[in-house]
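Pasting the structures in now, so scroll down.
The same chain A turns up in both complexes below, where it pairs with chain B and then with chain C.
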Partner chain A sequence: MTATQPRPSDQPRHSLRTDVLEARPVNLDGFVEEWPEKGLVAMESAFDPAPSVRVEDGRIVELDGRQRADFDFMDTFIADHAIDVASAEESNALPSAEIARMLIDPRASRDDVLAVTRGLTPAKVLDVLKLMNVVEIMQGMQKMRARRTPANQAHSTSARDNPVQVAADAAEGALRGFAELETTLGVLRYAPLVAIALQVGAQVGRGGVLTQCALEEATELELGMRGITAYAETISIYGTESVFIDGDDTPWSKAFLASAYASRGIKMRFTSGTGSEVQMGNAEGKSMLYLEIRCILMAKGAGVQGLQNGSISCIGVPGAVPGGLRAVAAENLVASMMDLECASGNDQSFSHSAMRRTARMMPQLLPGTDFVCSGYSAVPNADNMFAGSNFDTEDYDDWNTIQRDFQVDGGLRHVREDEILLARSKAARALQALFAYLDLPAVTDDEVEAATYANSSADYPFRDVLADLKGAQAVMDRGITGLDIVKGLESAGFHDVAENLLTVLRQRVSGDLLQTSAVLTADFTPLSAINDPNDYAGPGTGYRLEGERWAELKKLRHVTSATDPESEVR
Partner chain B sequence: MTTATPDRTVSLRELSPAVRGTRPDEVVIAVSPAFAGHFTKTIVEVPHAEVLRQLLAGIEEQGVGARLVRVRDTADLAAIAHIGAKLSGSGISVGILSRGTTMIHQKDLARLSNLELFPQSPLLDPAVFRMIGSNAAQYAKGESPQPVPTRNDQMARPRWQAKAALLHLKEFECIEAGRGPVEVEAVFELTDAG
Partner chain C sequence: MSASLDTGLTRGDYPLSVNRPELLRTPTGKPITALTMDAVVSGELSAEDLRIAPETLELQAQLADASNRPQLAMNFRRAAEMCAIPDAEVLGMYNALRPRASTAAGLAALADRLETTWSAPVCAGLVREAAEVYARRDLLARAGAEDGEDTP
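Take a look at the complex of A and B:
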């Protein structure tokens, strides 16, 4: 017998430190070597085209080395609808370094930059971005973000598709500061009930919060047209013709869908992101950022006001290659450079490492974007039906503390528990009354009580799923609209909630939410790039976290009082 | 003293162009171009030999026969599984990609439809492959088995998404355009690592 196990000679001995490092969460993340020939590369690839543009008779006839006869449909769409033909040749003739300098020089205004960028080709945009390091990208974002005031967006979903949970968590999320809330489903047929619950909860938490329900495109549009949702976002676009065709789509079909929303005054944005094309095996040998720039220009050409990007559901791909998060920060900047609203990712689950999760969002949080997260999970990640977010309810206090540490506005705030409980309870009661009014499956008093104090879906009584699904179908069959929800809330005594929802619905008549980067403030003022344009012009200008808002963000769960160090600030 | 566990390896010997089976009680296992060839294990390192052994055992324990086919001209799982289903005497197939993504298909369904799909390859272990084989055999017998429970892991994305993309790209490179499916025989070998 020996005291220690003999070691086979081919296995080298590891140090104890190696054991400690091996056990760190970051080593559960996946990392891969680049493969530029197949597009598995972030933004520095020898296979991306060199920029070029030629205009004849007011038409672009050459784009990034390709003649019009050889254009694929992305090239055609971008050449005909996205690029400003009048300034194209002049803008592309500028040295890329000069354009990159304009992006970071406070003496060049946002409008000065836009006058140049609207004429750039995809390869030229890439050429500019390749000159910029991540700090320069952040400096560019600080100026190019469309709306002066940053904001944040959240997911509010339920692992059981429980509408009561969605209403309560939406109310809490709205109260904490999210300007937009989105939901989606495990069982798609549940959508009408959950979308109604999201809308009601949001208007309880803070009047004017906008809501959407991510579904297949036809149902999503119908819920929007009925006024059950207030905006739409999950209209996916891609950077290569082959991936578009795989999804039975074209740039024109997506543009048509966009115009359907616009025709009803409904806010909408497209969704794209680095990594999707290579994930689907059709990157056509181009870098992830080059393909994303094509998406961004396509969105611009379709006339939509904004884009959700920052890799989104493919974040595991750029996250695994060298320079991937630089490319992700760059794609957000490109959206802003094209004068689009940017809902900037930090959306889906990204890393096992808390340090990497935090680092990932710094290039968006520090300069500020239109929506720092395009889906912070306002439910525990186990309830997140978008497959988990980079941040969830457990991270609320960390997020608030980081805002306070750096004096930056990430759109959230600390809210006292008594206020939260009040809002959650009211949301559940409003939904209870509304479902009774609409003759939908009852919400019991036990469920209201559970919703008030719950953390996750596991804390709620089970609902009768079959009855709920019948109710959901009835919502569609009976043609229930946003106005029916308003009437129900009003007749059940929830006058303020009814008023809030009616005011949100009236926006589609004025069309103010069609402006770039529009959100509604608590007093229902539409805040967009039109009336709240980003006026950053160097130190001391632009959006500054100060005054009442800064006082609000100084509050945390536990802060020792200076006047009475034996107690905490309330 | 250490005891080395024997490693099981498999190679697929090409027999002849695959034809439609006549036995109503068979399941076709249709594998992708690089399965048990260019690649030897799934994304989570389940050896392809073990994948096949479990699928075959699951099928055989239901008293159903199995036939192996390699699809060479596509790496699209729905296409591979559908080709397998059309070759199967029962109309039922199990399609599988090298990284482990698996689908049970039926010949009369639309190509992009399926009986059961197991999209998250990192969550498929030998026990799941055995259940998949068993369920496919039950469909072949005209039964309606309980679907194999699907698993979900939100942290599969950060860990596996990029590797899955890489494996997919490599599998694409092994496509032999214009070459039809071929019937293959699994040749298992035990190698004693000690």
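Take a look at the complex of A and C:
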């Protein structure tokens, strides 16, 4: 013991500035050192194979250093289905730097690039991407995005699986501009009621918005087959054979499933993302981006029109390693340069830092992607049953302001409250009438009132969950289809909503939504990479935010009038 | 669909629902223009009328070919073959293709059924290819275990 008060010996004195920095939200995020041997590395690993390809008798017999006899099933599927054999040797012989330059050179058209990329091996694609910094990746995305007009997608879910909430929030989301709406459940048995609510709400908000319900493969397909949902997305694929098998699938089972969806006229995309293999414990010592490139090529080989990627639910993994978000931007670009629709992530909470959350989406928002978010939360994050998104309803005004600041189209717009309240109320009333028609558990007037003005699930009266679950089961047992929903809405006097839904259902007879990057415009015109191909060819070309759409995006909640500074523009 | 329709479709024909509605029929033979609200209300339409016809998938495959997307076109051609197969059987076939869910004989029988019962040679080819790869990668079920455990 000494006479003076000892400083705790293991705690050196910190500066007040350090205390401030320690308290910043970003320091609640997890960061980890790279561990390439375990695949915990974004895109620069000495363990990734070197590119190579050899063709004999019209067949790829060597792929990225592996001989055909040693191919795992990913190699086999990619070699036999994804890579254009006729151009493979020639394309892979091009210097990677030349291919990388083509991606950013406006004088090379999207088709020029595709003529090369369709023959590339996974390791060659990686070799190209490794040369590109994040700005170059964005330049590439601007040109390679399949659909000329960018769009956005939202999650509409409820912590209580409350169908009334889902209908109202779907209507608001559709009105604000989302082209696709996705739901999922806390209690899976609720799915039929919530999927119906999502469909009704979407068609109230804006006719032609497409909806889906994320469930395990078989149930998701069944709801689609019945016309209760319009598309599907949660068809997961993985970059190593071992993880693919852990997911209880193979490239052949997933390719078969892709055709099953198309055979019912249902739009579908696969889902994959960097970090999933290392998170599932078997990255086979390869970098996250290399494995994701294998997924992207597998998806292309299956003939699926598109892919949801950008790490998705594994974003915490690339988010924790150096260069991780560069790799995430790169994987979106690879999907686009393989001529697939890209729903580009930004759909899962990954950071406590508002600054980091915003930075994370810039490589998708600024160049534009087919769907900037593949799940912006159109409900408060506490109601997001996908475990929270990178953005939610509290961020609507920020998002709209950022679009206006940079003159970029992120798919949303500011909508006046009176319009929103009308849509929310109408969605709840339409659901009320439909449930009555279908003899499903009643939606009360109190619930309609709550839905009109609510923010979150906590603002609604409790529903009788047991009765709802019985009702949900009845939907399945009685074989209720999209057509029954149309009939119910029509007979209850919601003619416009019924007509909107019938038009969406009619689309599956035409198959137009099966083509790459297809969405339905407000006048129900299918817009895809065929009739709206990305024609970017340098400054002044391609999609430009201008005219009516730009006028719409100049509006915010509060904009001061130039002629009368005391008033605001409406 | 082996019977290819010589329609000479080009990218300009897309979207078919807008530019070539006369080519579109339901599996029940109705023109797409018959799918009206009046027909819904009068009960003339069933869920079967809101499905895609194999001929339409062939048209979309031609558009995919014309857009330089051969894999997508192949997917549509497999889909065209699957239109007639009932939902439950399609799901059963998908499950049979999961890892270690089927024996070599099981997959061979599935391929034969696709080819003979459903006139689905392209789908049958996919199943035979899977069987070959599964054998090489130890992804077949052991004989006798077919109806038992289905996952590793």
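Everything that follows uses one rule, which is that the second predicted complex is superposed on the first by the 563 of 570 C-alpha atoms of A that agree within 3 Å, B and C clash if a C-alpha of one lies under 4 Å from a C-alpha of the other, contacts with A are read in each partner's own complex, and residues count from 1 in each chain.
Here is the rule we go by: contacts are C-beta pairs under 8 Å (C-beta built on N, C-alpha and C of every residue); 3 or more make two chains touch, one makes a residue touch a chain.
None of the values given here were measured: they were computed from a predicted structure.
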item	value
When chain B and chain C are modelled together on chain A, clash or fit	fit
Partner chain in contact with A:S259 - chain B first, chain C second, else both or neither	second
Residues of chain A touched, compared between chain B and chain C (which is higher)	C
Angular separation of chain B and chain C about chain A, which is computed from CA centres of the superposed model and rounded to the nearest 10 °	100
Which superposed partner A:I245 touches (first chain B, second chain C, both, neither)	second
Touching partner for A:D72 - first (chain B), second (chain C), both, neither	second
Touching partner for A:G319 - first (chain B), second (chain C), both, neither	first
Contacts of A:K555 with chain B and chain C, given as first, second, both or neither	neither
Touching partner for A:K38 - first (chain B), second (chain C), both, neither	first
Which of chain B and chain C A:R54 touches, first, second, both or neither	neither
Which of chain B and chain C A:E490 touches, first, second, both or neither	second
Shortest CA-CA distance in Å separating chain B from chain C in the superposed model	10
Common interface residues of chain A - those touching chain B in one complex and chain C in the other	none
Touching residues on chain C, where the partner in the complex is chain A	11, 14-18, 21, 24, 26, 32, 35, 37, 40-41, 45-47, 49-53, 56-57, 59-60, 63-64, 67-69, 71-76, 78-83, 85, 87, 90-91, 93-95, 97-99, 123, 126-127, 129-130, 133-134, 137, 139, 150-152
Residue numbers on chain A that touch chain B, as the complex places them	6, 8, 28-32, 35, 38, 40, 275, 278-279, 281, 313-317, 319-321, 348-352, 381, 384, 387-388
Residues on chain A engaged by chain C in the complex (per definition of touch)	72-73, 76-77, 80-82, 111, 114, 217-218, 221-222, 225-227, 241, 245-246, 248-250, 252-253, 255-265, 300-305, 339, 481-483, 486-487, 490-491, 495, 498-499, 502, 505-512, 514-516, 525-526, 528-531
Residues on chain B engaged by chain A in the complex (per definition of touch)	1-2, 75, 152, 154-155, 157-166, 168-169, 172
